[in-house]
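Structure incoming, see below.
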Amino acid sequence: MLGLNKKDTYMFLLVLALVVFAPFLLNPFPENSELAQFNAGYPDLMQRFLIFGIFAIGFNILFGLTGYLSFGHAAFLGVGSYAGVWMMKLLTMNVIPAIFMSVVFAGLFSLLVGYISLRRSGIYFSILTLAFAQMSFSLAYSVLTPITNGETGLQLALDDPRVIGVSQVDGSIPPANFFGMPMRESFEMSMGGWLFTFNAGYYLCAVVMMIAFYIAIRIFRSPFGMMLRAVKSNQQRMNFTGLNSKPYTLAAFVISGMYAGLAGGLMVAMDPLAGAERMQWTASGEVVLMTILGGAGTLIGPVLGAGFIKYCENIFSKINDNILYDWFAALPDGLADALVFIIHPFIGKGWHLTLGIMFMLIVIFLPGGIMEGMERIGRLFKRRKPPSQDKSAPQASAAPAE
Amino acid sequence: MSFIRKPLNRRSILRAGALGGAALATPTIFTSRAWSAGYLNEPTGSTVTLGFNVPQTGPYADEGADELRAYQLAVEHLNGEGDGGMLSTFSSKALKGNGILGKKVEFVTGDTQTKSDAARASAKSMIEKDGAIMITGGSSSGVAVAVQALCQEAGVIFMAGLTHSNDTTGKDKRANGFRHFFNSYMSGAALAPVLKNAYGADRKAYHLTADYNWGYTTEQAVKESTEALGWETVETVKTPLAATDFSAYITPVLQSDADVLVLNHYGGNMVNSLTNAVQFGLRDKLVNGKNFEIIVPLYSRLMAKGAGANVKGIFGSTNWHWSLQDEGSKAFVKSFGQKYGFPPSQAAHTTYVQAILYADACERAGTFNPCGVVEALEGFEFDGLGNGKTLYRAEDHQCFKDVLVVKGKENPTSEFDLLEIVEVTPVEQVTYAPDHPQFAGGALGTCNPGA
Amino acid sequence: MDAILLQILNGLDKGSAYALIALGLTLIFGTLGVVNFAHGALFMIGAFCAVTLNRLLSLSFTTIDPERTDFLGNPLKVETPYVETWFGPETGAAIIDWSVPLAILFSIPIMALVGLFMERGLIKYFYKRPHADQILVTFGLAIVLQEIIKYFYGANPIPTPAPDAFSGSFDFGVLLGLDPNLIIYPYWRIVYFLFAAGIISAVFAFLQFTTFGMVVRAGMADRQTVGLLGINIDKRFTFMFALAAVVAGLAGVMYAPINSPNYHMGMDFLVLSFVVVVVGGMGSLPGAVLAGFLLGILESFASMAQVVALLPGINQIIIYLVAIVILLTRPRGLMGRKGVMES
Amino acid sequence: MEILRVEGVNKSFGGLRALNNVNFSVEEGTVHAIIGPNGAGKSTFLNCMIGRLAPDTGTVMFGDISLTGMKPHEINQIGVSRVFQTPEIFDDLTLLENIMIPALAKRDGEFALHAFARVDQDAEIHDRAMHMLEDVGLEDKRAVTASSLSRGDKRRLELAMCLSQDPKLLLLDEPTAGMSRADTNNTIDLLKRIGDRGITKVVIEHDMHVVFSLAEKVTVLAQGTIIAEGKPEDIKGDPRVQEAYLGGAHL
């Protein structure tokens, strides 16, 4: 289907199903139960899963395939965001031009940064990209305030021109919309004790993300993708094979920069504000973590990694002691106190600690990230079955990706 | 240190929202937020949920923790638990200690990380997931402005926490947002006369300014108000926010003929720049026959602690201080101090007051509808919340009240006793026209009930 | 002229911290081949050693002073440090006053242990793993370490003053025959510079003149060969990791009075110190030191008002700009060897 | 006809003169071996030919194109392939992919942004790669990751990669180094078979057994200078060569 082989088609359909039914899947607990705390099926977080998923997929095209570790990709996301908000300020609240310009600007900026940074490799490349991103962040935060609105972040105002839209409707800024359908519009469906929210913005993100995912699969399976893996594997052999690795890495860099810009554009389409912090090196580090945690070089891994980190950030940080006491309300006081005492450092304001420990555990025990973990579990199940006759051992490593 | 405190009430949280328990029996109901007649997150059950969005990680985590303590206290008082705190001294008597409009107050918390993006994400999750009807908190202006805009778009009320930049109620004001805290202009207007009295009218000031929005407005405010009294501004230098060592910015001060250094810095920046300035002997310096002086326009007691003995004798302004002796402040300090064992910070105070003011406005409006609340808060005059007579001005949603000019105490008796109040600048002196140039641009727009 | 002199002093001072941190990073990279993102956290832990010793020395018993009241109107509780009762008020106060210099002794065993545990418990399993994994795991460790510190000490900076004896400034101007008060520099910052210079010399002397150091240097040049000679290089590398931790820790201890320590001070230095290492040349110790001082001085110059007026924002980006220029024109850094970490 | 012509090439590293005025030419369709003791400058010579090192002076002409200053991929694109002393292959990729890459490079040039084509549906390249794998006897391992191959198989793979490009000139740097006798003989057979395709080959070799089984012409290099050149039989008896090999027991 769609020019994908059978295996990829299944994978694509699986991801499609997960994305379409995410409002159900992410809200497994009834609304009034104690465990509702762990529900993630609300629009903002679901959008973030997809947006950071796109960001990580794009980053993986560079890092996973070519092995070039960029520590500055957040800058492209930031540039995309700024471009998107400016389109909404100047042109229209329709998100399509905003997203389009985000991709264009991020692409141009990544072309510039990539052209210079790719003159070096290894950690020198990482430091170069880091330096560019930190420069962008510092300048956006201070000197470029007229363009970026500095620390506050670039946002919409009632008196923006919006030449092919309207500046304001009844004293309010018009909502970001897709040809008239507001991004924040939601339908709610309640079934028994469960509440499911279907948000217009989420489904726009879903469409975009599926397109982005589809393109990534095609790139992975294309001669171009194979060349990128060749760059990672042995650049010397590649050059002596008559291939010029520079345009390949640059193309990968720009494509992943455009993915970052797309993520930035979607981010402002969902929430029209662009803050400078999203360009900081820690934000770049975050996408590296997402990709490696999920499994660099795999197709789905980075999406899972993005979901994992965003889930930690948004769910663990909101658990506070009151909620803990609610959970343990049935237990005797002393025991409840002890449990809360033990858990307390890891939740709420301690969520960074939880995240740090999880990073370490995953890196130490699962070097291939979440995907390796799943593979191991899968193998555990397979081992119990008699080995099928057509599967010779080396065949398993035939498909290098995912 | 972190403290683990048991909430007084251990009942499980029942989420408010269109569903309550009634929907349990019905198989499927489709509702669209756009079609419902009321307003976003209208509480229909027996509880109402407020969202407390404070920095729990990052450099302002301790201020965030103090804000959270104050919110918990406010919730207790609203629900009729504890000693009632400032409810008894508040001039409006609409609140009855039975929650808000008879609904018990529940709350959810989030982490702003002092980043606009993260703050908006956590506010959104509280609105979308937990059904919060109001968002409050924060410890920086960038976050306040970002979250305020979000609340305007989403259609809930935003009660700003600690935010001092003029822009929050200036060019970035929003109809759904309200600020109790004072601002840069007020700091300048309150400080200038005190400085003139203390240091004379013939002074040359050198500004070091944090290179971001709040720094700019504070520099402008202090500069304009001191220049109006005859001071001369020798130089204004912007320092990177990420700077930790300010020596490269302090040494040129030594070389200039300035005799006053104004540090438009907050938080960690302020601690470091002040410490560095004292290290370089600025305070022992004599210039033009006068003692060299340092000024910190916005003091935070929590952060000033980090500068240790260096704050002694240094002037600044603050929104509130626990040593105030009015009834409201005393009641608040007592109930906070008894619960937590130390006095509240100005961040705790302003957030506590904001929570009370919001509850009171709902009570008086008779609804949680943001537009009703906005109407009730606009032009609202009150007293007894620690700052004397206060007006929530309708034009820009800024509170107008007395401003405290303080200075670092020479002989502190405890680790909390760092500042002493030099003067309570009366509200008239810090009031400005809504269209004052420092606040130009931007418009409130109309309230958005989100539905 | 005097302005430039002062900025050179500032640069040397700033550079001292960069150089010390970069030195440790390079020791670890050069000997173990590990990219250690937790090195900033070691610096931070060092600073908190000073804080901790200060707190330990200030441990107090409480007496009630009925004459005075606290903020709630209750009788004031007065805290008196034990050391003041043991050694008399004056000696006791002096001991507390000198807590930062004393913390040097206190921190050496602690940092060595931290380094030992880190290397034996975690890092050694990552020698053969890709640099990306090393970065990730040490970054995770850095987060964990700083969250632990935050849990116990809070997020706010904690004032940790230098002894009173160092509070004034030294007048270089008079020394040079200029007007007094023209070029003055705080004593403690001069102490910091001299201390850094001392540590750096000690590390170099150690590597240069001891057999142990020679083996380590040989190991840095070619690990396999030294391994073939039957020398147990691993044990020595563990020692080097501990040494790097001690160097970072001492840099932190002495830095505490300059800027009040807080839990994220390590992260503030981390990116900068990596830039320093790369500019100096990966794996080159003299390069790291040279680049540390050089970037410190450049940063100080870039923050001069005259320079900023000419190039707005230059003070924010100078370090990165220098890094980009150096990497593009001289990819192995100022003093690096060719081919290190290039793929 | 001459396919490769090297004139007056000098190369120094610091004070060390690695190549000293080397003149050398290869006839099209022949197998030409370069031999010499360790440190004679054979690898430097090869590197100068292929653009990995720039000679200090002198020219390297491939047909009527000067190779000096050309980048490695450009040199490959005009028809020069190289087998390295230690096999340079794409370790993380499967054997099939290892061969498809050079085949694609030959067909599509140094860069092609075929981001939407599908590798597994490119029948032409696929067949070509399979054909090459069969030629070197690795077709059963087509789906195996290259890193898991034995050294001999890696060498054969690398050879197949080069051959899949139908080069005009193939440079081999000690193609049998470190191989067992059996593997060496297999490789010799393989190289002989390639000879049928009319590919010109320059072989740098240590193992005289290989040299005399394959080469039609031998050039002897010692201390950066060519000391002898001729048919293998003539070289065998040349006293200068004997001397250069210090006793040369294995000649």
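To keep things simple, chains are lettered A, B, C and D as they appear, and every chain counts its residues starting from 1.
What we mean here is this: a residue touches a chain if its C-beta (ideal position, glycine included) is under 8 Å from a C-beta of that chain, and two chains touch if they have at least 3 such contacts.
No experiment lies behind these values; they were computed from the predicted model shown.
With centres computed as the average of Cα coordinates, no chain lies farther from subunit D than B.
Centrality by Cα centroid goes to chain A. Here the largest set of C-beta contact pairs joins the chains A-B. Rounded to whole angstrom units, the spacing between the C-alpha centres of subunit A and subunit D is 46. Measuring from the averaged C-alpha position of subunit B to that of subunit C gives a distance of 35 Å. One inter-chain figure worth recording: subunit C and subunit D are separated by 53 Å, centre to centre, where each centre is the mean of the chain's CA atoms. In terms of their C-alpha centroids, the spacing between subunit B and subunit D amounts to 74 Å.
Subunit A has residues 138, 141-142, 345, 352 in contact with two or more other chains.
Within subunit C, contacts with two or more other chains are made by residues 151, 316. Shared interface positions of subunit D, defined as residues touching 2 or more other chains, are absent.
You'll find the chains touch as A-B, A-C, A-D, B-C. Partner subunit C is touched in their complex by these residues of subunit B: 1-2, 57-62, 211, 235, 237-240, 242, 244-245, 247-249, 251-252, 254-255, 268, 271-272, 275-276, 279-281, 284-285, 302-303, 305-310, 322-323, 333-334, 337-338, 343, 413-414, 416-417. Those residues of subunit A whose C-beta lies close enough to touch subunit C in the complex are 69, 116, 119-124, 127-128, 130-132, 134-135, 138-139, 141-144, 235, 281, 285, 288-289, 292, 296, 345, 350, 352-353, 355-360, 363-364, 367.
Put simply, subunit A touches subunit B in their complex at residues 31-32, 34, 36, 39, 42-45, 48, 138, 141-142, 145, 149-153, 155-159, 168, 170-173, 175, 182, 184-193, 195, 197, 271-273, 275, 277-278, 313-314, 317-318, 320-323, 325-326, 329, 337, 340-341, 344-345, 348-349, 351-352.
Those residues of subunit D lying in contact with subunit A across their complex are 50, 71-73, 76-77, 81-82, 84, 88-94, 97, 100-102, 104-106, 108-120, 122, 125, 141, 143-145, 148, 161, 165. Residues of subunit C touching subunit A in their complex: 35, 122, 125, 129, 131-133, 135-137, 139-144, 147-148, 151, 271, 274-275, 278, 282, 312-313, 316-317, 320-321, 323-324, 327-328, 331, 341-343.
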